[in-house]
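Two complexes, one shared chain (subunit A), two partners (subunit B, subunit C).
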Partner chain A sequence: MEDKTEREKDTIILGVIGSDCHSVGNKILELFFTAEGFKVVNLGVMVSQQEFVDAAIETNAKAILVSSLYGHGEIDCQGFRDLCIEKGLDPIILYAGGNLVVGKTPFSVVEAKFKKMGFDRVFPPDVDLKKVAELLRQDIQEKFGSDSREAKLDKSIQAKESL
Partner chain B sequence: MIKNEKIDLKEFLEIRKEVLQTWPTGQKVSLDEAIRFHRTIPEERRFAWVMKKAREKRQTLLQPRAGVALIDDHIKLLRYLETEGQADLLPTTIDAYTRQNRYEEAEKGIEKSKQAGTSMLNGFPAVNYGVEGCRRVVENVTKPLQVRHGTPDARLLAEITLAAGFTSFEGGGISYNIPYAKRVPVEKSLQDWQYVDRLVGFYEENGIRINREPFGPLTGTLVPPCISIAVGIIEGLLALKQGVKSITLGYGQGGNIIQDVAAITALRELAEEYFRQEGYDDFELTTVFHQWMGGFPEDEAKAFSVIALGAIVAKFSGAEKVIVKSPHEAMGIPTKEANAQGLRATRQAINMVEDQVIFKPEDLRSEVDLIKQEVRCLMNKVYELGKGDVAVGTVAAFEAGVLDIPFAPSIYNHGKIIPMRDNEGFIRIFNKGNLPLSEEIMAYHRQRLMERARAEGRTISFEMVTDDIYAISKGRLVGRPR
Partner chain C sequence: MKPVISIDIGSTWTKGALFALTDSSLQLSKKIAVPTTQTNLVQGFTEVLASLLNREKLTPLKQMVGKAEIYFSSSAKGGLRIAAIGLVPDLTLQLAKLAAMSAGGKVIRSFSFSLTKSDVAELEKLQPDIVLFSGGTDGGNTKYILENAHKLEDSRLTCPVVYAGNRGVAEEVVEIMKSKEVIVTENLMPEVGQVNIEPAREKIREIFLKRIVNGRGLSEIVELFGSQPKPTPLAVFELVSAIPQFHPDWSDLAAIDIGGATTDFYSNTESYLETDTVILKGIREPRVKRTVEGDLGMRVSARSLLDTGRVYIEDRLRNLGIEPEVMEKFVEKISGNTEYLPETEAEIQLDRILAETCVYYAALRHAGGWKETYTPQGKVYVQTGKDLRRVKAIVGSGGFLAAEGSAEVMRLPLEKLRSFGDEKKLLPENPAFYRDRDYLFPLLGNLVEKYPKEATTLALASLEIASDEGM
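== the complex of A and B ==
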């Protein structure tokens, strides 16, 4: 694993959206992404869009990973990207994963639906988490690459000065 | 402050006025009309009667889960499960918005479902449809109907569905709070469920027997049998106090056959014992076995195998009812066809083992005795904390982590215990958190877990838990290293 200090780690927001109380996968995602070197802010289950966005603003997060297991994901996620833009979170990376719609639907259909809603990536329930972490690192690099390096540089200079 | 005391009728009727005002459909609930209607329901459509008969005849009845957003579609679904699925008992599974009392969102879900021509909700929004809409469901099926949900405050839902003619109601103050909610205090949900049980008690006083079923599987994820059983006994005791007579206690399949059969045996024997100990003797106690509640394999062929094993173990355990899964479980909510397939697969497996006696009680005794000792450790502490009052003790027990449900979303749950499978797939406890289990019991659990660690050549770690959680969906019971 990359050895990063707490300060250098990229912050990501985790949570299960809407009235969904499936908590097992959420606890495992937290452990997994923490082990992968992210700074994880886990909002737990039954999280509203507003709570996701507020947490992202507060922690300067680079990505929001939305889970939904109970089938209402389609209703719960509508307008998520718009809310992010409205709150000035334009570049934030949005992922969605789980059993996102009611009933057995081909994944390609689900994926298209959620991408149209503004999600950058969509994952089925059996996705290999290692792959997700890899994609997430790539996406963060692409969207925030130079910015975040500069920001880190600034911080490290400040840190040195304060010494 | 909460107490395990029967709610006084006058007080009940006072609270009732407020409950019925929380959504417009509440105004149309009439207990008089409801009782008149219930008197017209024939025996074979009454849950309590059918469960009692199953016990007498040593049958295991089949019940699916099912619920969609629109009434006509819901009726079609249930009828299909009666005819093509040959279900013995029917459900009406309630959608997740209604479970959180978000009736406005449920209303939107109904509208969106009408527009989409398919269900956009994961269940039937019974409160929005009111007594009238629910009555249509009751009048269009021939098997006993139960409300299945996951609602911390189910007072209005109970008022409406029972008045409509449903004859059984699932849930309880612990089992429908801790695994289903994030911020509901235990004391609040216990009180709200005392109300539901009091309502059932009111029907009972008027000659109408409604079946009550605490939700045994809890989070459905590596729940040690002792925790599930202690919760079931507590919810049973709380229900009896309010006048409930017909109680079905549940347990979710863990995966090890001996442990599962032992758990149902211990559940039945201990519930009987604790109920009598508190002075009750005119209850009708039955048990329900839930087929595997954790993650399922995506491959439908493999899923059928999980379903069939659950069916077989349910029969061996002697449970009066089995809750059936479908081959679509990994993908979410099943189509009616898949749901009926789950029922038919279960029926076939049960029929093939029904005349066999594989387990003699003595083979199981040591596991039954272990579970019983564990439950007694938990119950003794609950009574001690409550100074003899089980409701007071339960609130204190969750505060202290004396009762602790693994992987639950509630902030009122400690979440400190770590369960995992031993080398034979029994669910054991690695870290007991604050559970008041004796040193001797914990030494046994650790010894069994060490056997697995040795066999797998790794130390006991949280990785084992994660491996165990996904093991069945990936094709086996114990999460061995890959």
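== the complex of A and C ==
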């Protein structure tokens, strides 16, 4: 992965949704996914659905990774996929993670709820991030293929720049 | 001592001043204004120049070459009319508008996402001077940009297009738009939230010189005197930019210019102070910023001011015990008569309310705000837009505010604006109010590039503290 140039990397959007200001996990995710070879656009804490979507449009992002730690994730995430479709981001990959479980509900129930809302994958707080990165690469490959139009165009520009 | 002349060709008046430049200072020697001739902008210029040089009114321009150093600006014929295209309204489109206004332009229309058929038809009808075309981060979105490039290519637009979007498709955009004049510059937003408006500003300025000046019939002046004009608002922008550099006491300032057609708001202050309790959302705005409002003005735009400002105006009229019809009638009278000066005490008061309304809505749009959220650590504020709290001085410039001696016309609306809906507006906390009595800001702005220290010093020296006794 390391030999990818900045322009060839896949862009992913990170942020903590709603009025949630737990910032520690978000910073870790940024460092981790950057090291994994993604181009990370981190919107930080207290991010609205609209902000996620706006950033994804401008950057042509392949995935949005939504965090929610404070227990209101389910409410904050409602309608997220619908908004993406509304804004023409139909194929974008949506992940959710953090403390999505409130009380004694089993994780599988929460997972099902988020999937029904249109999230492609849902993760508990103790997930192995290495595995997440692996899944993300697979999902991107599957949905967008490897030789996207961007990569080709950028190569021609780089060739010019190096003259 | 060297004579230096600065002339501003406005839409109704052509103003000029003669300055005496010595080793270290600039002094105002003479000032004059004559009506602008719409069909021939050079005429007013010539008249002003002749008068400043003590020549006869009809002295040909040629005979005045070499008698003084000459600088000039123009806002005649609608100023610099720019159409802004961006992708997402809160990101690249907002930056496109900011760049256009900070280059001294007026945003006549703005578009986000895909241009529709009627958008293109409207563009063709408006015939802007420049289209500022942006969208996508570098390596980001290409779909909308390429789509819009095709639509612009197929349109009947004839003006130059400044492309300041995703760098990854810049060449393709040029290829697609082969029948148009496309000027490529750096992306306004290379990364999400990263602001880069200077290169686009510079390109707009170059186009103004090359194309617009010709179109306005000003090339004769350029050829004879070798000086390049600026759009008037850019002159003021440059003055406001330069003041803190040479006068550290004036590190944070704002200026408001209320004209007959528009209200301009300039600020020079850091837009966001990072703390644990304030989180910035959206773009981090530049330190020097100009906004211009086409619906806020004292004469030509009085009608639209009445619509936009209805809430504020009605509140003021109620407090003063004036019937709303009185204002309606007054506005009807003045919007047809753009040179009208109020004749009675009552009319002066109505005019003041209109000016307050311009200040209120121009500040509302220029300044950012905070919304409160509670967390266990206490309150957290979510900031959008620009923080003007540290601004220590506000200068009233332009026709109405230059003539108005009282600070109240600025202070009162700003006080009333402290909170707006559920937002706390980030307005200057305890500013001093000044007026640019001789309306020298645009004229001195023309000199800033060459004589920054002297021009900013004279600009500040010519300010008068606006008095506190009001209405």
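Side notes on the structure shown:
The working rule: the second predicted complex is superposed on the first by the 144 of 163 C-alpha atoms of A that agree within 3 Å, B and C clash if a C-alpha of one lies under 4 Å from a C-alpha of the other, contacts with A are read in each partner's own complex, and residues count from 1 in each chain.
Methods note: a residue touches a chain if its C-beta (ideal position, glycine included) is under 8 Å from a C-beta of that chain, and two chains touch if they have at least 3 such contacts.
The model shown is predicted, which means the values in this text are computed figures rather than measured ones.
When the two complexes are overlaid on their common chain A, residue A:19 makes contact with subunit B and with subunit C alike. In the superposition on chain A, A:11 contacts subunit C only, with no contact to subunit B.
When the shared chain is aligned, subunit B comes close enough to touch A:27, but subunit C does not.
In the superposition on chain A, contact is made by A:41 with subunit C only, not with subunit B.
In the superposition on chain A, no contact is made by A:85 with either subunit B or subunit C. Contacts of A:71 after superposition on the shared chain: subunit B is touched, whereas subunit C is not.
When the two complexes are overlaid on their common chain A, residue A:102 makes contact with subunit B while staying clear of subunit C.
When the two complexes are overlaid on their common chain A, residue A:58 makes contact with subunit C while staying clear of subunit B. In the superposition on chain A, subunit A positions 19, 21, 44-46 are in contact with subunit B in one complex as well as with subunit C in the other.
Partner subunit B is touched in their complex by these residues of subunit A: 18-24, 26-28, 31, 44-46, 69-72, 74-75, 99, 101-104, 125-126.
The touching residues of subunit B, counted against subunit A in their complex, run 95-97, 99-100, 102, 105, 108-109, 112, 118-122, 150, 179-182, 219, 221, 298, 328, 330-335, 338, 407-409, 462, 466, 469, 473.
Within the complex, the subunit C residues that touch subunit A are 87-88, 90-92, 135-144, 167-169, 171-172, 189, 191-192, 279, 281-282, 373, 375, 380, 382.
Listing the residues of subunit A that touch subunit C in their complex gives 6-7, 11, 19, 21, 39, 41, 43-46, 48, 50-51, 54-55, 57-61, 149-150, 153-154, 156-157.
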